[in-house]
Each structure stands twice: as structure tokens, then as C-alpha cells.
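Below is one structure, written out as C-alpha cells, with a few remarks after it.
Going by the order they are written in, the chains are A, B, C and D; count residues from 1 in each one.
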Amino acid sequence: MVKSPSPERNNEGFLEDAWAWSRDTAEEIASEDGLELSENHWEIIMFLRDFYKEHEISPPSNRLFVKAVKDAMGEEKGNSIYLMQLFPGTPAKTACRIAGLPRPTNCL
Amino acid sequence: MNELHTLHILNKTPDHPRFGECLGMLGPDDAIVLIENGVLGLAAAEGFHSARVYALRDDVAARGLSGSTQATSLVDYSEWVGLTLQAERVISW
Amino acid sequence: MNNLDPHSFTLVITGAPYSTQAPQTALSFAKAAIAAGHAIDRVFLYGDGIHLASALVTPPSDEPHWPKNWATFLEEHEVPGVACIASALRRGLVDDKEQKRYELDASNLRAPFTIAGLGEWVEGNIKSSRTLYFHGDR
Amino acid sequence: MAMLIIIDQPPYGGWTGREALDMAFSLAAFDQPVSLLFIGAGVNWLRTGQNTSGIEQKSVEKNLAAAPVFGIEDILADRISCERYGIAPPELADSVVLTDANAELLAQYSQAAFAG
């Protein structure tokens, strides 16, 4: 299988165009963070992409990211420890980057 | 002095939609402070129901309205600061 | 609430200097509050209010310089002045850090103002006895 | 008691409403109780079927739909303003509650603010 060229990204590794994203892109970005994507990762990544499509915004802070996951999947996954394990650092930022969503404005 | 529920700070002219919204949410134990262009409400002889009406002296004077303030108490900045602390809540329109 | 006890205020300015009276009314209010023995916890610039923190504002020499006057006040009374980052970036106000982050040609934030998120506003709201808003007139 | 964020400006022609929504989101992010009130021309936020592709702006209809997810308590719409702009209750999302914007409503909140 021939891989298409990697889509353009900014200096913090975020995609310039959320719709240029593919699963290959996600794996490439994740590997830069030393992450190998499991089914648990994919579940959150696809949730974030659906959320972005539905609301035209990504959750604007880490706390709201956790709230949105909790609203969709319950306490077991909608908690910061679980999401931190999957997406180290600032989970919302790491997860948005892998999911191909725009760089948050650091508003909150 | 009576209890002061909400202090409404109004800086819009009577033609601005928010002027009317403010009057619509005015309660009997509320007070208004007219500031900036809000003081033009004095010239337009707006009815403020039973609310106490204050107007910021500097803004009234700047607009040449010192003569149209019979039922209004003119306040300076320091008295305005005091009013914001007397009220249960303050809303800036 | 007894207005003779010292209180603290968070002031939110959403009107731009020279398009609205908001920054100037807010400064008079702030000075009166301090003169009465109260404290200004912080000043938060939001929406068009962020223009007050621009280092490039240059009014004619015979008009008051509101950004400079505000900066002097903040320094004198050690009051934090914070511009909302989302409002600032959209309107072209950046500090050195954001200049680097977005690879821009220049920065234009006036000291002692800083750029931060709405969390600063939420915190001021919780900590202060009163939060006052100074809007434009449109 | 909750804070009331008021939106009285219609969407798209200006940014104040969006900045009001951001204020509400940030209160929710810090677990501070907050509700939204739409009044005057602001009720035009609540119309369904907004298609913004032609003006290259994000849909406030879609943005606002995230409010309940983030824990914003109530989304209120002033009854008279809705009548004025021909927004009938069936057109309002389930999460929107019709109310009368008056002193009694204001008294239920510790603070009320506009974004600009």
C-alpha cells in the first residue's frame, strides 16, 4: 500500500487542516510522543473527531475534555487519570493533536 | 436607606436596545446608576419606574445636562463605589 | 455588605480606548476604590478591551494616553492587568511568548500587562467582593 | 447561586455573543454554576437550521449544543423576544427553556454579566 504524503503541520505538531487527517497521520503523530495507539486510544480519538464535527469546536480545556468524555462514555473513561494514562502531558492537547484537531488557543 | 437588591449600571443611550432590556429587568428595590451615554436618559425624560436613579456627575456635566437632574441624585466615583458594595448584585448593561 | 470594610474588586474592561469611554470610566472607578481603602484584585481585558494593553497606541500629545495611564496605575498599586489570550490573538495583540509560538514578526504587549486565559477572570470573580464590567456603548 | 451570562446580540454580525459563550464555558471548566439567557436580538442564536458555510463562520447552533455537555445549567430564552423574532417553541432545542426576563429572574442569580 502506498502511503499518501503526510499532511502539513504547524510548529507544535498540530494539523493545519483537520480534514486532511487519516489513521496513518494519527499513528505518525502518536509515535512522535512515544505512543502506540490501542483500541482505548482510538475510542477517544474517534470521539474527539465526532465531537468536533458535531460542535465545530474541540473541548476548550482539559477539564471540559474530561466532562465531554464523561458525558459520552461515563465515569470509568471520563476521568482525568484514565485520560492522562492514555494521553500523557496535557491530555486534551495531546489527544487533539493526534486526532488532527486545531491547536487550542490556551484560553482556559 | 432601603435594601438595595440590584444596582444597574447603564451606559447606553435610550435608543439602544439594552436600555429597554435594563428597564424590563428593574425591580422595585433596585437602583440605577447612569454613566457615560446613559445619562442622556435624563434628557429624554425616560421613566425609571420606582427605582432610585443616580447619575455620574462628570458624565452629566460633560453633556451639558446639569439642569435636567431634578429627581436624580448626582454621584461622584467614590459614591458610585459605595453603591456597588451596598447592592446584593451589580449588573453592567 | 458593609461598604466601610475594605473590599476587593475585579474590573473587566470590554470597551476599547478611543472607541469607547470604558477604559477611562474604569480608571476613575479604580482610583476612587483605592482612595476609599479598597483593593483592586485584578483588571481583566476582554473582547475589544484588549486594545488597552497595546504598546503601539499613539494618541495625539494633547489627549490622555489611556494605555500609559493604566500601565502607570497598575504599576503604582501592584495590580495585575491581564488581557484574555483568545481575544488578544484574534485582534493582533501578542507578547514575546505568543510571538514565538505563532512565528510572528513582532510582539506589542505593553508592560506590565500580561496575556492569560479566562481562568484569570473566573478566579478574580471568585476571590473579589465585586466584579464590575466596563462595556462599550454599541 | 449561579452566574447568569446574558446574550442580547444576534450571531454572526458580531463577536460579542461568541465571547459570552466562552465565558460560560470557562466558568463550567472551573465547576462554577452558570446559566445562559438569550434576550432581544440574541434569541436569533436559537433558530434551527443555521447554515454558515457561505459566510465561513462556525455555526453557533452547533457550538451552543455543546453547552449542556460541558455542564452549563440552563439555557433560557426570553419569551417576548422569541415572539418578536418569530421563534416558536417547537423550533427551540429541548435544552432551551422559555422564561420571562424580569427582576424575579435576575434575583435567582448571584451575578449577571454581558461579554461586551
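We take it that a residue touches a chain if its C-beta (ideal position, glycine included) is under 8 Å from a C-beta of that chain, and two chains touch if they have at least 3 such contacts.
Everything numeric here is computed off the predicted structure, so don't read it as measured data.
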Two chains joined by the most C-beta pairs in contact, as defined above: B-C
Per Cα centroids, the chain farthest from chain B: A
Chain A and chain C, separation of their C-alpha mean positions in angstrom: 34
Separation of chain B from chain C, taking each centre as the mean of its C-alpha atoms, in whole Å: 24
Centre-to-centre distance between chain B and chain A (centres being mean Cα positions), rounded to whole Å: 49
Numbers and ranges of chain D residues touching at least 2 other chains: 22, 26, 29-30, 111, 113-114
Shared-contact residues (touching 2 or more other chains) in chain B: 90, 92-93
Sites on chain C at which at least two other chains make contact: 86, 117-119, 133, 135
Full enumeration of touching chain pairs: A-C, A-D, B-C, B-D, C-D
Chain D-facing residues of chain A, complex: 51, 54-57, 59-61, 63-64, 67-68, 71, 107-108
Touching residues (chain side chain C, partner chain D) in the complex: 12, 14-15, 46-49, 86-87, 90, 117-119, 121-122, 125-126, 131, 133, 135-136
Chain D - residues contacting chain C, complex: 3, 15-16, 19, 22-23, 26-27, 29-30, 32, 111, 113-116
Complex contacts: residues of chain B adjacent to chain C: 9, 11-13, 16, 35-37, 56, 58, 76-78, 80-82, 84-86, 90, 92-93
In the complex, chain D residues that touch chain B: 8, 39-41, 101-107, 109-114
